[in-house]
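Each structure below appears as structure tokens.
Two complexes, one shared chain (subunit A), two partners (subunit B, subunit C).
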Partner chain A sequence: MRTRNIFLSALGVAVLMALLPFLGVGGYVLGLLTSAFYFGVFAMGWDLLFGFAGEVNFGPSFLIGVGAYTAGLLNHYAHWPIVACVPLGALAAVVAGLLLAVPALRLSGPYFGLVTLVAVLLLQNVIVIFAGFTGGEIGLDLPDVLAISSRVNYWYALGLATVVGLALFALSRSAVGLILQASGQDAVEAAALGFNVVRHKLAAFCISALVSGLAGAMLIFYLGTVSTDSVVDIAIGVQVIIAAVLGGRRTILGAAVGAVFLIVAGELLRPVGQLSSFIVSAVALLVILFFPGGLLGRVIVREGA
Partner chain B sequence: MKALQILIDGFAISSLYATGAIGFTLIFGVSGVLNLSHGSIMVTAAVVAWLVAGSFGAGAYGGALVGIAAAVIVSLVTYGLVVRPIQHSRTIAREEKEIFVLTGTLLWGIMVQEAIAYIFTNNPKTVLPLIGGVVNLLGVRTPANEIAIAAIAWIAMGLLWLLVNRTRGGKALMAAAINPRGLTLCGFELGSIHLLVWTIYGVLAGVAGVLLGSFLGVSSDNAGQLTASAFSIVVLGGLGSVTGSLVAAYVVGYLESITAYLVNPSIRTVPVLVLLVIVVYLRPQGLLGRR
Partner chain C sequence: MSALLEVEGLTKRFGGLVAVKDISFAVGAGEIVGLIGPNGSGKSTVMKLVMGIEKPNAGSVRIQGADVAGWPTHRIARAGVGLVFQHSRPLHRQTVLENIMLALLPDSLVRLRAGHEVERRAREIAGRVGLERVLDRFPATLPFADLRRMELARAVARDPKVVLVDEPFAGLTAAEVADFSALIRTFREAGHAVLLVDHNVKGVAALVDRIFAMYLGERVAEGSAEEVMRDETVRRVYLGGEIAHATRPAREAAGAAPLLDVQNVSVFYGKAQALEGVSLRINKGEFVSVVGLNGAGKTTLFNAISGLVPYQGSISFAGQTLARRSAATIARQGLVQCPESRELFGEMTVRENLELGGQHQSAQAMAERRDWLYGLFPILRERQGQAARTLSGGEQQMLAIARALMMRPSLLILDEPTLGLAPVILELLSRALETLRNSTDITVLLGEQNVTFALPHADRVYVLEHARIAWEGTPERFAAEAGAGLL
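This part shows the complex of A and B:
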């Protein structure tokens, strides 16, 4: 499909989704979709880094967690308003991402992956060690919430997912996106063509950190509490990765679809109890083995690619 | 006294780490696969050993053997069902196979872990100790089982050394790690070498899993942690380097024991993580890595 058509269809889907609350959809479903949209943003940020820059970030929840905890601590202790906490959280995620990425991008493949994984484990340990200040594993209550109404919360999440999704998609189809893709597939050749590979990857990492931190900070004001289980745990990162791969790498928008699919499937499978994550993982594995392009891989493939 | 205690406990836990990590590094060396279902395979071995030794009354040794056999089976299934199809896939671009193997084994690991949790719950299981009783070792009361664990781990690693250096199959295996194409040109079937290395890996992971189960107890929730620790040890030692993994396992084991005894057991993994970051930044090839 042409870029323009995909862009317009995505916008159309977003508008239709925005009308859902008027079609008699209940608060329960809206709540489910709200978390799915935040997850979608995490997954899209991850796809930019992995699908395009070719770097496997095992620690998306490091960036999410830094954003969430910065915003949460500011709100809990300094009582700053949400409009100040969320941007600061996003900013903190970018700074933390830069501190991680500047040295880490000298590494490649599994080494980069391991460093990002270790970053998550260290963050989690720090939060647990300073439990008196951070709330530890139990979490920290937040005095403010985004909104009481499930509809308003839903629109906030949908709005964020739409803006981030379209922006990242446009970026991925721009010249910068092409250079990133080239750096991911053959860094040496991309550098030989005169592109600054490291700078482009660093920029991708910063953008990924920005959207992850932003969504992480907003997510906790939706949940009303910030805890390691909801924003830092490795399991969160694994879910983000599964969502992105399931939806289709290198598609950006597919990652959001994957996240919605994952969250809704997890909810529909609730009756089978513990088996639900088994089934979700099995489905994801089958998709990887038989449709490596993912759910949207066939639809959103750049012409000639 | 405390120093001696750390020395003994650290030795046992390090030997365990080494056994698990050497299998992990061997697979990476021979076929370039980082198997993220490693922890789940270890847990499988421990839980099966616990089940067979306890509920079926096969005794500690019978349980351990069946547990190791189970690990070999899961390891071969991992190769046959997940890794091989991805490596041979025509739709996945060559440069992306590595990431697909990572994601695929990660998902497969979660499946195994969840299946175990579903059937046997995620309560920690303690495998029957192979040897009962307590030995007085230079004034430190040490469970005899702890000594047995270190001994078995070293015997397993010794057998691996013999296999690799003294047998035709083992030499072919090392050759595959150095130059797979050269080996196929000499008329060796790469497929059977991969089967061999996954079998050896299954045995090593199984031994490590069963021993860990009898030492500390194992729950399906530990799978991720076990994978992460094997991954860390292997990178610390240098990817693909067996000696490096051995050295790194002892560094990690002792660092953890020292932290747990002298500082606080709840932060036992933190110094290792910090060390890992420092090593990876200053010397990405690891302590004894090639390149």
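This part shows the complex of A and C:
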């Protein structure tokens, strides 16, 4: 499909989704989708870095967590308003990400991925060690919430996912997206063509950090509490990666679809208890094995025969 | 100051190995300088040093007077240097047009739109190198020569003052070499400085203004093409003698059951037919060559035989059908292919790659075999502990051939074994094949578009043309009956 058609279709889907609350869809379903949209943003940010710049970030929840905890702590202790906490959380994610990525991206090989993995564990440990300040594993209650109404919360999340999705998708199809792909696939050749590979990858990483931190910060004000289980745990990062791969690598928008699928399927299967996460994982595995392009792979990706 | 590229005292060490040793030369505007030398002599390393892909240990690289030694690659590229890599490295998910457009984009994080100007120029460059008809195709579907054209188009897209071309002729037919030579001449006419590396000595000599010859990282000769070709050292270490001719009577045990029997085999890639009703038969101990232009279907035929692509028709080996056997089973039965793409384990050492090939043998048999192969390709012995990924192009080719031989095949398929090998090594390989032919009962199927190499080693020859067998006969009859387009 042509870039413009995909862009317009995605926008159309977003508008339809925005109408759901008027079509009698209840608060329970809206709540579910709200979480799914935040996850979608995490997954799209991850796909920009992996699918385009070719760097695997094993610790997406490091960026999410830094954004979330920065915003949460500011709100809890300093009582700063949400409009200040959220952007500061996003900014903190970018700064923390840069501290990590600047040295890591200069190494070639699997080091970048390992560094990101270690970073999550460190962050989780720090939060637990300073439990008196951070709330530790129990978490920290937040005085403010985004909105009381589940509809408004839903629109916030949908709005964020739509803006981020369309912006990242447009970026991926732009001239910069092409340079990023070249840097990811063959850094030596890209440099020989005159592109500063490290700078482009860093930029991709910053953008990825920005959207992850932003969504992380907003997510906690939807949940009303910030805890390691909801924004830092390795399991969160694994979910994000599965969602992105399931939806279709290098598609950006597929990552959001994958996230919605994961969260909704997990919830639908809740009645079967422990089995539910097994079933969801098994389905994800099957999709990845038999449709390596992912759910949206066929529609969006253009592959050389 | 007329030289666009000036290299002085350039030195590069990899651990204990001095790959480039105190090299100095200059290339002026409108000049083509050939850089020749045996495999592993440091030619590609010189190019990488100029491009900043490797950092020199000593020496200077001046581009239009500015010393760029130690600069990052992208700045050197922006300063006006373009490199055509020894191996094509296209973006596989982008079309040919996008691949060329990429080279024209500014190095900017904020210029999001490529713009019509970029596309117009990309089309113009594509036209200049002869790619206009395949602009919307993906690189994986292109014939080899077009891939090389695309690589060339990308390297010169931004009109670099200094053009470095690493083995542009490797794997090309005579007609394609002529095409590429004409293209490279246009760079000279446009006032660029061109540094050219290739093992096609005739092609290089016909094109260049001067030649600079290297051996073991050092300069051994410099001057006009004739002078350098006459040089004693160059002859000894690089050119070698003539390729030996067959020294035994053809073996064609008429009537005997063939070792390999290919019957009416067809292969489709999507809608495109890559092989059409191909039949061939090889007897035990025979050396058979399949010759044909790029894209004729040689590699596809070999891949079908090795069980790597699905096909219609039947293939049997030693009397048993190969249908539904996996590539691994086929290889274990003694049918071993040395593929054009080499398929080495890049992070493993030379020795480990060889040992993998010798897996099913006793330790002693393996050691004997390995020593024999080290005798055949002495440079592999010297590079034993080096990661295969870092070998020079020709060294990788030698390793791929050696690994295939390590498996003690009863039928060895060699797909374009001469690719990227220096003339002396061709001679070595040629002698090795003769030794095998006279002293063992190995059977060899050789695919080549380098007919001068293929003929002397063949009992019989097949010509593959547009996916079909167009001719079959003895090498003696080949020149008269089928040679026209290939010699």
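Odds and ends about this structure:
The working rule: the second predicted complex is superposed on the first by the 299 of 305 C-alpha atoms of A that agree within 3 Å, B and C clash if a C-alpha of one lies under 4 Å from a C-alpha of the other, contacts with A are read in each partner's own complex, and residues count from 1 in each chain.
As a convention for this text, a contact is a pair of C-beta atoms (placed from the backbone, for glycine too) under 8 Å apart; a residue touches a chain by one contact, two chains touch by 3 or more.
Bear in mind that the values here come from a model prediction, so they are computed numbers and not experimental data.
Superposition of the two complexes onto subunit A shows a clash between subunit B and subunit C. Looking at the shared chain after the overlay, A:P271 reaches neither subunit B nor subunit C.
Once the two complexes are overlaid on the shared chain, A:Q185 sits against subunit B and subunit C alike. By the document's definition of touching, neither partner reaches A:G132: not subunit B, not subunit C. For subunit A, the partner with contacts to more residues, out of subunit B and subunit C, is B. In the superposition on chain A, contact is made by A:L117 with subunit B only, not with subunit C. Across the superposed pair, subunit B and subunit C both touch subunit A at residues 185-186. For subunit A in complex with subunit C, the residues that touch the partner chain are 170-171, 174-176, 178-179, 181-182, 185-186, 188-189, 191-197, 199-200, 203, 250, 301-305. Taken in their complex, subunit C has these residues touching subunit A: 51-53, 72-74, 77-78, 82-83, 85, 89, 91-94, 98, 101-103, 105, 107-114, 118, 138-141, 154-155, 158, 269-270.
For subunit A in complex with subunit B, the touching residues are 50, 56, 103-104, 106-107, 109-111, 113-115, 117-118, 121-122, 125, 128-129, 185-186, 234, 238, 241-242, 245, 273-275, 277-278, 281-282, 284-285, 288-289, 292-293. The residues of subunit B lying in touch with subunit A in their complex are 34, 82, 85-86, 89, 91-92, 95-96, 98-100, 102-104, 106-108, 110-111, 114-115, 117-118, 224, 228, 231-232, 235, 239, 266-267, 269-270, 273-274, 276-277, 280-281, 284.
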